[in-house]
Each structure stands twice: as structure tokens, then as C-alpha cells.
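Shared between the two complexes below is chain A, which pairs with chain B and chain C, respectively.
Presenting the complex of A and B:
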């Protein structure tokens, strides 16, 4: 028979392993893409290789942020004292690990894409280095928003007051909260990366349009984060809704189901929204006089693309509130 | 980590209802509004051809946002909606930036602030849609592309309010959490200020701009 302290430290190890293991996936892909593109760009313009290397390293440093967030959570799980000694704290360790680990995947992949595109753009248009660099910085910084949502949920699960939550079905609510934000942020991280990559490319091709292009990029990327926000909303709802103590299996599993529904439901629409705004940004950079029409069509198209994420959100809300 | 779990609140009993005031949020909102009023006074008090620094900043802001509003709306509607858009931006921006000063908390860190601003934008957009197109054409817009899609279109409109307000809230609260955690882990002089600059000033500025632009394009989607 194990006591709750043993359970908590055991599951902290599992949570830390999941946080760092899953969190390493995306950032490594993004770093590799940036490095590969930097190589390609040096073959166009070998005499600029010093500057391109510097740009690659700065882009990679931002790309790595997602993995560093995962590392911070893993270290906290390994070394910090748990906030409470109830058995629920062991579930919140696993939930926190899942939330930050999964959400680091999307942002890691996404932030690498503008970094790679910036290297190629600089090699082709060395005169526009400044604008390309600024767009890359803004683009990769906004790509980190999904992982910040994952990090908020991780900290919430680790440090919140667990004494009001009944063990059954509280364990499922905590696990579901981790899964909802973790999974839902994967898609919008990658989608944001696609959008900012096209923005960097467009500004490299036609720097006169940089203000229009970066404005449409900002709008597109922030609407593309909607799916991550729905997952975040379901997580907050799962954690803060007043749970009735109940030991039946259905009352627990419906909360995990809510997390899975909004989480998996967010992956596809997140990438789809990124594709919509990537094309809009690409053509704003080529035809800035059509910015108004392109932005409106982009927003209407995104509203339709988003509808499947809203189905996932509705099922999750039904599972939490109605059943 | 008490900073995040504890919210200073004041509860009043009135006619059997509990009125709850988040004292820190209300105080900080008034501080932000006070700074904006003082700024507006200083910028417009002595308008001259050679501007003073406050007039200079004000002119730059007004010019930039006037152009952005003109891109999104028709010429006669710009004059009507531009003051809302520009003051919304200044308010959200200052709300996000004020957390960079030690001991002061961002009002946008409390979900109530972004949510009420989002609901305000929602009502402005739909009111202007009804006013310019007429109620019949406005209501017909929900039956696109076919009438039984109406419930989904309504949910989609409500989802916009959720996404616009939670985006601001999540970014600001996430930045605040990261700053506090890093400051707890390392008592450094360099890293926490850098993080304050990045999450407070840079992300805060971008999110204020995004919030304003989305409110503007939601209005323009309704009126066109």
C-alpha cells in the first residue's frame, strides 16, 4: 500500500518525462527546418554566410522557446515541493506535463517556419534585411502564444488549491484540462507558422507592402489561434466548474471526453485556418490594392473552416454542463 | 505563487444579492483612465504648429489609426467609428503596459476586463450592422448559405466574443505568470527585466493592436 506522497512523486516523474519528451518533438523539427533553409540560402549567396548564420541562430533561439518552457515545467515537477499532499496532486502533475508537452509541439514547428523563410529571403533580397528580420521576430513571437496557453494551464494545475475538488471525478477533470489545451494548441501553432512564413516570403519579395502584409498577418494569426482558445476555455471550465462527488465511471470519463473532443477537434481546424491566412497574406503581398477584399474573404473563409472546431467545443460543453 | 490564486475582492450585501468587486482591477482601471485623461489634456491643451511632445505622440496615434479605419470602412463611417477604435487601442495598450511598473497589475489580467471589452465590440458591430443594412437584411445574413445553418452562424458570432477576449486574457496572464515564476527561480537583474520587456511591452503592444483591429474588422464585416 503506497501513501499519497509516493504517488505524487511517482507521477511527477512521469509528468516531467512527458513534458520534456513531447515538448522536444516540435522544436526540434522547427530548428531543423530553419537550419536546412539557412544552408540553402548560403548556397545562393556564400558571401553573406556570416549574416545568414546570425539570423539562423536568432530564429532558432526563438524557436527553442517552446522547448524551454517544457523544460521549466519539467524542472519544477522534478524539484519543487508539491502544492498539496492529496492524491489529486499526482493527477495534476500528469495533466501539467501533458498540457505543456503537447502544446510545445505546434509552437515549436510553427516558429521554425518563418525563421527558415527569413534566411532564404535575406539571401535573395539583401537590401530588405531589416524588414525581413522584424517580420520574422514578430511572426515567431506570436507563434509562441499557443504554448503560452499550455503553460498557463500547467501552472494552474500545479499550483491551484485542490482542496475543494472531490477526488472522483476531480482526477478526470484535471487530466481532461491538460489534454484539452495541450491537443488544441498543436494545430494553431503549426497554422500560425504557415501564415508567418508566407508573410516573411511576401515581404522579401515586395518590401513596399510590408505594412499591409504584416497587418493581415497579425489578424490571420490571431484568428488562427481561436481553436487553441477553445481548448483553453474548456480547460478553465473543467478546472473551475463545481464538481459533484461521484464514483461512477461515466461521471469521470465524460470529463476526459470533453478534453479529448475539444483537443482533437482543434488540431485540424488550427492548421486549416493557418492555410487560409497563409494564402491571404501571400496575395496581399503581391496585390496590396486588393487588401480589403482579401481580408474580408479570409475572415469569412476562416469562420467556415473554424466550424468543425466549434462542433468539438459544443460536444465538450455538452459533456461538461449538460450530462 | 499566492499572486495568482488570491484575488483581492470586496463583497457587498445589497437587497439579498452579493455584489463582488475585484478591487485591484477597478483601481488599476481608474489609474489607466486617469493617465489617459491627463495625456489627452496635455496633448490638446496648447495645439500649435510646432507641437509639444504630447501633441506629437497624439498626432502620430490619431493619424495611424485614422488611416487604418479608413482602409476598413467607408468614408462617412470613418468619422463615426474612428474615436472608438483609437480610444480602445489606447486603453488596452496602457492596460497591458502598466504591469511593467513594479507593484502595479494589468487590469487585463482579470478576465472581466477583456470580456467586457469584447462584449462591447460585439454590440457595436451588430448595432451598426442593423443600422446600416436594416433589420431584415441583417437577419437574412444569418441564413447564409442556407436557412438551417442559422443556429451555427449564431454560435459562430458568439464564439468570436470568446476568442477575442480569451486571446488577450491568456497572453497577458501567461506573460505575468512566466515573469513571476522566473523571478522566483532566479534572483537575477537581467533576465526578469528582459522578460518584462518581451511579454509586457512587446506582446502587450501586439495584443492591443490585434484586439483593436479585430474589433474593427468585425464591424466592417457587419456593415459591408
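Presenting the complex of A and C:
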């Protein structure tokens, strides 16, 4: 029979592996996309290669953030003393790894898209490079919000007081919390990236509309965050709801089901919301006089797209609160 | 942890409800977003047809929603009926 410390350190290693393994996927894709687009832009305008390289590196540095967050959690899991010696701490190591690893996928892919678009935009319209650069910075930075939700849940799981959570079904609540935020933030990260990519392209094409375009981009990106917030809320609910001790399998698996429902349920609507606002932003930049109609249609379209994420949230709430 | 037959069935139907709604929401989410995105593009090209385009967008999204509603129905069946 192993003692709980052995369990905790073994699961910390699995958690660290999942954090960094999953967390590397998105940032690597985003960095590669930015580099590919930078190369493409240099072929249009080799004489600007110095500036384009600088822009690529700055964009990539922001894109890298998601992977660095995952690395931080992985290092904490590998080297820090666990906050508790209860067996639950081994589940919180796995939950923390899943939460940061999965949430880094969306932000990594997302932040790479505006960085790539900015390189191409600068090569095509060198006069507008200031505005393009600013929009890229704002867009890539907001794309990091989903991974920050994931990191908050990881830190919460790693450092919270586990003493008043019963082992059964507490293990499932912790695992479900990691899955809910981790999965739900994938969609928002990619969606935010699509929106800010079109904003960068639009401002490169038509810098006079930059104030309208940035405003619609910010509205679209903040509404696009909502599916990640649903996952985040379900995670907090799972962790902080007062759990009754129960050794039945049903009382455990319902909490994992809640995490999967709101987690997977957020991926599609998150990407969909990003597609809606990407097209809206694109056409605000091309036809600023239709900004009002476009914003209204965008918000109506986003509200309907949101509906399946809300179904996922409802099923999760039913599982946690009613059953 | 001792698992009885009814407990096992209930547990897996809870997990199934979560998976049905979670995975089932992915497709309609992307699809409805695409429909609304293209509607925005169409309104950008022809703002004077905004009424017709918004109506068509909402009808298209309602139909795209259907698979999401199937998932919700299956999830609710698993939760309340099975």
C-alpha cells in the first residue's frame, strides 16, 4: 500500500506532463503561422525585412505567453511542495494540469493569427504600420484572456484548502473543474484570434476606419469570451459547492459529466462567436457607414450562436445542483 | 467504493448526458457562427437588404440549431427518464 505522498508526487508528474504537452500545441501552431505569414510578407517587400522580422518576433513573444503559463504550472507541479497531504491533492495536480494545458491551446492558436496578419498587412501597406502594430498588440493580448482563466483555476486547485472537501465525490469535482475551464476556453481563444486577425487586416486595408473597427473588434471579442466564462463559472461552482460525502459512483460521475458538458459545449460556440465577429469587423473596415447595422446583426447572430453553449451550461447546472 | 447495478447505470447516464450535450454543442456552435458571419458579410455588401438578410440568417440558424436541440433532448432524457 502506497502512502498519499507517493500518490501526490506521481500525479504531479502526470499533471506536469499534461500541462506542458497539451499547452505546447496551440502556441506552436500560432508561432508557426506567424512565422509563415512573416515569410510570405517578406516576399512582397524584401526591403522591409528588418521591420517585418521585428514585428514577427513581438507577435510571437505575445503568442508564446500561453505556453509560458503552462510551463510555469508544470514547474510548480514538478518542484513545489503540495499544499495538502490528502489524496485529493493528487487529483488537484491532474485537474490543474488539464486546466492550463487545454486552455493554452485556444489562446496559442488565437494569438498567432493577428501576428501573422499584421506582418502581411505591414508589407502591403507600410504607411499604416503604426496602427497595424497597435491593433495586433491589443488583439493578441485579449486572446490571452482564456488561458488566464485556465491559469486561475490551476492555481486555485493547486493552492486551495482541500480539508473540507470529502474524498468521494471531491475527486470528481476537482477533475471536472479542470476539464470545464480547460475545454471551454479552447473555443474562445481561437474565436478571439479570428476576430482580431480580421481587425488587423481591415485596418491595414483601410486605416481611416480604425476607431470603428477597433470598437467592433473589442465588442466582438468580449462577447466571444462568454463561453469561456461559462466554463469558468462551472469550475468555481464545482469546487466551492458544499459537497455531501457519498461513495456512490453516480455522485462522482455527475460532476465529471457537468465538467464535460460545459467544457466541450463551449468549444463550438466559442469558435462560432469568433467567426461572426470576424466577418462583422471585416465589413466594418470596408464599409464604415454600415457599422450600426453590422453591429446589430453581429450581436443578434452571436446571441443565437451562444444558445448551444447555454444548453451545455444548463445541463451542467442540472447535474451539479439538481441531482 | 462499492458499486451496485442501479448506481452504475445512473452514474453512466449522468456521464452520458454531459458528453451528449458537450460534444453535441460543438457542431451547431461553429455552424451558427458561420451562418451569422456570412450574414454580416452580406449586409456589408448590401446594407439596404439588411432586413431580408437578417431574417434568412435567423431561419438558417434555427435549422442549424436542431442538432444542438437533439443533443439537449438526449441529455434531458438521460437525466430524467432513464
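Quick note on the criterion: the second predicted complex is superposed on the first by the 323 of 323 C-alpha atoms of A that agree within 3 Å, B and C clash if a C-alpha of one lies under 4 Å from a C-alpha of the other, contacts with A are read in each partner's own complex, and residues count from 1 in each chain.
The rule we apply is simple: contacts are C-beta pairs under 8 Å (C-beta built on N, C-alpha and C of every residue); 3 or more make two chains touch, one makes a residue touch a chain.
If you're wondering where the values come from, they're calculated on a predicted model, not measured in any experiment.
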item: Superposition on chain A - do chain B and chain C clash or fit; value: fit
item: More chain A residues in contact - chain B or chain C; value: C
item: Touching partner for A:44 - first (chain B), second (chain C), both, neither; value: neither
item: Partner chain in contact with A:72 - chain B first, chain C second, else both or neither; value: first
item: Touching partner for A:159 - first (chain B), second (chain C), both, neither; value: first
item: Partner chain(s) touched by A:301 [first = chain B, second = chain C, both, neither]; value: second
item: Contacts of A:230 with chain B and chain C, given as first, second, both or neither; value: first
item: Minimum C-alpha spacing, chains overlaid - chain B and chain C, in Å; value: 8
item: Set of chain A residues, in rising order, touched by both chain B and chain C; value: 300, 307, 314
item: Complex interface listing, chain A residues touching chain B; value: 69, 72, 76, 83, 138, 141-142, 145, 148-149, 151-152, 155-156, 159-161, 215, 218-219, 222-223, 225-226, 229-230, 232-233, 291-292, 295-296, 299-300, 303, 306-307, 310, 313-314
item: Complex interface listing, chain B residues touching chain A; value: 1, 4-5, 68, 71-72, 152, 155-156, 159, 162-163, 166-167, 170-171, 173-175, 177-178, 181, 185, 198, 202-203, 206, 209-210, 213-214, 217, 220-221, 224
item: Complex contacts: residues of chain C adjacent to chain A; value: 1-3, 7-8, 10-12, 14-19, 21-41, 43-45, 47, 50, 53-54, 57-58, 61-62, 65, 68-69, 71-72, 75-76, 79
item: Sites on chain A touched by chain C in the complex; value: 168, 183, 187, 191, 227, 247-250, 252-254, 256-276, 278-280, 282-284, 286-287, 289-290, 293-294, 297-298, 300-302, 304-305, 307-309, 311-312, 314-316, 318-319, 323
